[in-house]
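Note that chain A is present in both complexes that follow, paired respectively with chain B and with chain C.
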Partner chain A sequence: METVIPQAGKAKTVFKEKANKVLGVNLQDALITKAYMSVAFIALFLGGILGLLQGLNRAGLLELPSWLNYYQVLTAHGLLLVVVLSAFFMIGYYYAGLSHTLGGLLPKVRKIAWIGFWLKIFGFVLVLIPLLLNEASVMYTFYPPMAAHPVFYFGLVFIVLGVWALSIGAFIQVANWRKNNKGKHLPILAFFATGSFVLLVGATAFVAVEVLFMIIPWTLGWTDGINVLLARTLFWAFGHTAVNIWYLTAVSVWYCIIPKIIGGYRWNDFLTRMVVIPLVIMNITGGFHHQIIDPGITPEIKFMHVFMSLAIGFPSLMTAYAMFRTFERTGRAKGGKGAFGWFKKLPWGDVRFLSPFIAMAAFAPAGAGGIVQSTNQLDGVVHNTLWIVGHFHLTLGMSVVMTFFGVSYWLIPYISKRVLTPQMNKLGIVQTIIWTIAMIMMSGAQHTVGLLGAPRRTSYTTYGEFSSTLGWDPYLTMLGIGATLLTIGVIIQVYAVFNMMFFAPKGETEFPVAEEEENAPKTPYWTERWGLWVVLTVIVVGMAYVIPIVDMIVNAPPGSPPFKTW
Partner chain B sequence: MNRLVYGLLLLISLILPPVANLMESVMIIHMHMQMPMLVIIGMIMARFFQERYPRFFEKWNENGFPGIVLFIIIVSYWMMPRTMDEALTSQSVEIFKFISLPFLAGIPLMDSWKKLSSIGKNSVIIFFTVAFIGIGYLYINAPNPLCNNYLVIDQIILGWGFLITAIGLIIYLLYDFFIDPSAYEEVAEEE
Partner chain C sequence: MKMHLDEKIWLGLSFGMIMIFMLITGYQGFALEMGPPSHKETIDPQKVDQTAPFDQPGIKQIGENEYEVVMTLQIFSFNPANIEVPAGSTVHFTMTSKDVVHGFQVANTNLNAMVMPGHITKITQKFDKPGKYLVLCNEYCGAGHQVMSTTITVK
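Right after this comes the complex of A and B.
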């Protein structure tokens, strides 16, 4: 299958396409993305298998051996999929995007990217060792007072250092481009990358403070106790933002890539940039809605933060509108008639569209569930139940990951100088369908059984054959079936990625960044003032956090010693 | 005209007793949210007055200096613990707050800011940075309540709020000092 979609467009578009075809991908830059993608999809494979073990355990079908307990598996599953898969994919994708849209990476940026890569790998190995020894079964949120082996936290520090190196690399690349292209708007994909890396630095700063100044001295025995509430607050300033960075990455695909894949144009550059900017400024403060049932934070502060969290929903609604407008325009341009005729004209047989489309559709119920959880009273019902697990399998496991899967079907061939074959496309469609059905089953079961009260982070138990909890079993069985199907999806996806990387037919694949619509209104130049956005972010974050954090420190309890609960 | 209406609507909504009581119940929200919002309301309304009374602003605020001095005086006045207390205990001072911040701080700020040179602008920011650090230090370390209406913990929180705002301003000043916009953007492209 030829992956370059023919389209009648502006002369500029055609010229650019030709230039890309001649120049193709920079092989040195491609190697960086290849390395990141390989790690991401190996993590998907391992994390997926561990997910299967968990699903089967929760379904009551599998008893885990004593040398590999449920909590160990849960910690590894979370870290591999939430931290490794998402972060490595995001960096590989954005670095490919920076290389493509900003004319190739600078040699020093390339060097920084490799340093960052090895820092992260080294950090991850450090994390893995205590994990395998069952010395770090603290789940991916590593909440104190549960304490892992100090090496686990040293590993986290190296991962953060790697992230910072990569962010600096991206900033150098962007600054260099802007110096050489005075007065021009940063290409849209690079704009998304800048926003994401700014957020990444902001988010990891919090977790760095938590790990370096609180947890490490405490696990080494230098301090007697830890301020649990403060540590959790710092963690969620990071954790919430991290999730939103992966989401922002998926959004960048929806805005920049999908219009091109369906043969259309990007709509309203100004709106797109106005989605990125508020997401950057308002994101970090959303962390508090993960702490709605934490004691020690006053209801007024929680109320204020629910408002901040819901404010992030607004750019998401703009995104939903913009996407469907693009779909409708493109469908009509292709001859779609009537109110919904355009819908049929979309390329449903193209995995590069189908998978991200389902991802977008999944974000509707996922977002609605998110609003439920950030509401004090409703969260009281579902907090710490499997509902939450169902929620983030919808947001991350569908909205984000299915977008990433869709990207892999053109990005991997692009960096490998190969093409997506019709057979592989078909396999991708099958994978997408399996994944969709499986995730709906699993996440649906988790949401429902969560409403009935089934706790999360709990190995299988019948609670002494207690009649009420036995009623959860059918849902847990469905969860297990979903997890099994997902594992099949994982295997197909990983096979597809490595097949496209090393065995697919050679050829040129395009990096499909959509052009703006004709006669598009001019975007105001102030959208490029990243210095201002960063200062605003600092002040918003400062104002949002100063009341609770000062309160937590000044009125701190004596602090907790470390606990090993497993 | 629209701007005046919007501004007045916002002002009234902030004066409404439930809103005012909620915002004034927390010291830092009183000073770092309600008061800046009042100033911003003045900035929103400024264009109406500038268009309605152009001669007045030209005559009295030709180079922006008198306006910014008035802004600094009003804002500095409201940063004093005593004045916050009085706003809560005395009705007339509360009314003065709702009038002075939009009309004597917001409008002059909007009118002066564009007239000031970059040195003038940065001097104002530096003044507030230094003031915020000083006040922040005072609020954090004062052993007794400086306001009768607030607890010591509220005061410490406000102190940190001042310091964090000062850090934000310092980042801005460093950015302004080290980054030359003309290296990245064409002046003609400016909005």
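Right after this comes the complex of A and C.
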């Protein structure tokens, strides 16, 4: 263990670490995570109900009342689940992790976390008002020249400011720890958190430029026209990276938490860090593949971006290996024999393992689908069809969200000083099974009907006789059934979270971060050079974006005026 | 750094797979000219009706079994609508949008392209099989997005 050297800062940190182990969670830090988790799961509930409305409408089973527009519902569903649920969960989880592994949050970081929280909430209220008034049915992507009410964009600005505050808070916490622990490796969970917050700043910078310098002056009438292609490009530098940040958060659970839950050790520390670093460096440039069939971008640039998108696949394939190797080793250490005996030794009855395991398994088809649709010709077949919707319900709706669900069964009791009861675990298993079946049904139906040509983001329509002659109808019905089952899953999950937060039996729950194996090889210290990783990220982003963006500005057509078409 | 042999093989295969994907995509894109629609020409989005060739949208025969369709997309329609071509003809589509971003997708074909205000999209398809094809907008464009469709009839 640690020897206490009577050095100013260091002794204090060591003391704090020990105090943490004895006393469990720091209550002030726990309150921060509780606030974020509450918002995240309320968003899941609301977003889930809206998802049900869409699923039933799309299946032709439900006609929305005239005061509720399908596209308004869809915009809210996307924002609640992709922007609120994921971001709030990620921040709550990482802040708990930073508090736990870095010896408690600094008072000023705690203050920043609250400022960030209220900035984000204020931003969401601003976004919500025009949305409820049907003044902002522009989707999560808000492509100009569709123009929402200016207040919608002001809201987005406050959300981004909140995100920046939280990122700065995390950086201060990490920098302080590094100053007091010179020459030591950042604890692995804090390493993931650092990477994720670096990406969050990088990604939101693009959308901030789009909203602040292009859209807001244009919706206020200060500029005449907007560069549609440039706005789209800036959006996707953010839009795709955002979802990859949620994925990186899930990956941190797979590497740091799951090995502990199954009673094993962490995967090779060096290789783990070597997954985080390229995911940070190469991520932002991946967004361009959303524009493979856009006009105004040369095939050469598109080809370069196919490469940049596919490059992210490599660290994910490293992860696939690492996870199964960890499972195999742990299973064998527990006495699993033969080629597959280890598989039976895994704790299948433990929701904290089962849910994230299915999440990982889902990433195999989800990742393969992702590789398929980032290549030129295959994207041409599935672009903007329901296939894409199926894809991100596998990646986000399964890989990310089921990992988050699994985390909730220990993180919520941990921050609430309560315990996970066997009954709650059983309910969690039932929830996991319902969610798995429902998501496979829904996303399977979406993938298939997308290949048959059914477009995404389109309310119920038969296009004359076409929906039946093209064979869409049975799949759209299946989509509706999947959405209904998912709603049951949402209700159980939200019940579980708030039950564990306020009503479960009191007790101490552990924050399960796995240890390295004894005599594990030492990780080279250069992995800690975050300054260098940030510089490399900027260089890669520059290589990817400077040429096309200059081209889009220099060869821009006259700008487009704002339109409200809904 | 010690790595297991099977991990080296796995990572080698992973790397190889990504490279093969790149090679095939590049070969199809550049050698076979099957690249995605990437036309660079621009237009004033507020003067589409006055700018050639969009001042006269329609279908025109430009060779034996070869047609050009000049098309504008606007909320919530395609102009011209209900196109008819003989089986076996190659059709070149030249399109732009008069308002917001639209999509041009023809079910059961590989035709799929974004049509944006200020930009001209070009995409080509050979129609061999007779029948009625569904043309639809696949980029959300407003309250009537779900009715924005037309047909191509191949006789």
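In this section, the second predicted complex is superposed on the first by the 540 of 566 C-alpha atoms of A that agree within 3 Å, B and C clash if a C-alpha of one lies under 4 Å from a C-alpha of the other, contacts with A are read in each partner's own complex, and residues count from 1 in each chain.
FYI, a residue touches a chain if its C-beta (ideal position, glycine included) is under 8 Å from a C-beta of that chain, and two chains touch if they have at least 3 such contacts.
No experiment lies behind these values; they were computed from the predicted model shown.
After overlaying the two complexes on the shared chain, residue contacts for A:379 are found with chain C alone; chain B is out of touch. Using the contact criterion defined above for the overlaid structures, shared-chain residue A:199 touches neither chain B nor chain C, since it reaches no partner. When both complexes are overlaid on chain A, the residue A:277 reaches neither chain B nor chain C.
Once chain A of one complex is fitted onto chain A of the other, the partner contacts of A:504 are absent, as it touches neither chain B nor chain C. With both structures placed on the common chain, the touch criterion links A:456 to chain C but leaves chain B unconnected.
Of the two partner chains placed by the overlay, only chain C lies in contact with A:296; chain B stays clear of it. Once the two complexes are laid over each other on the shared chain, residue contacts for A:69 go to chain C alone; chain B is not touched. In the superposed model, A:555 makes contact with both chain B and chain C. Taking chain B and chain C in turn and counting the residues of chain A each one touches, the greater count comes from C.
The residues of chain A shared by its contacts with chain B and with chain C are 555. Remark: chain A residues 69-71, 137, 139, 143, 145-146, 225, 227-229, 232, 270-271, 291-299, 302-303, 306-307, 310-311, 313-314, 317-318, 321, 325, 371, 375-377, 379-381, 383-385, 452-453, 455-461, 463-464, 466, 470, 521, 555-561, 563, 565-566 touch chain C in the complex. By the touch rule above, chain B contacts chain A in their complex via residues 25-26, 28-29, 32-33, 153, 156-157, 160-161, 164-165, 167-168, 171-172, 175, 179, 182-186, 188-191.
Considering their complex, residues 1-4, 7, 10-11, 14-15, 18, 21-22, 24-26, 28-30, 34-40, 42-46, 75, 99-101, 103, 105, 107-108, 110, 112-122, 134, 136-143, 145-147, 149 of chain C touch chain A.
Per the touch definition, chain A reaches chain B in the complex via residues 175, 178-179, 182-183, 300, 524-526, 528, 531-532, 534-535, 538-539, 542-543, 546-547, 549-551, 554-555.
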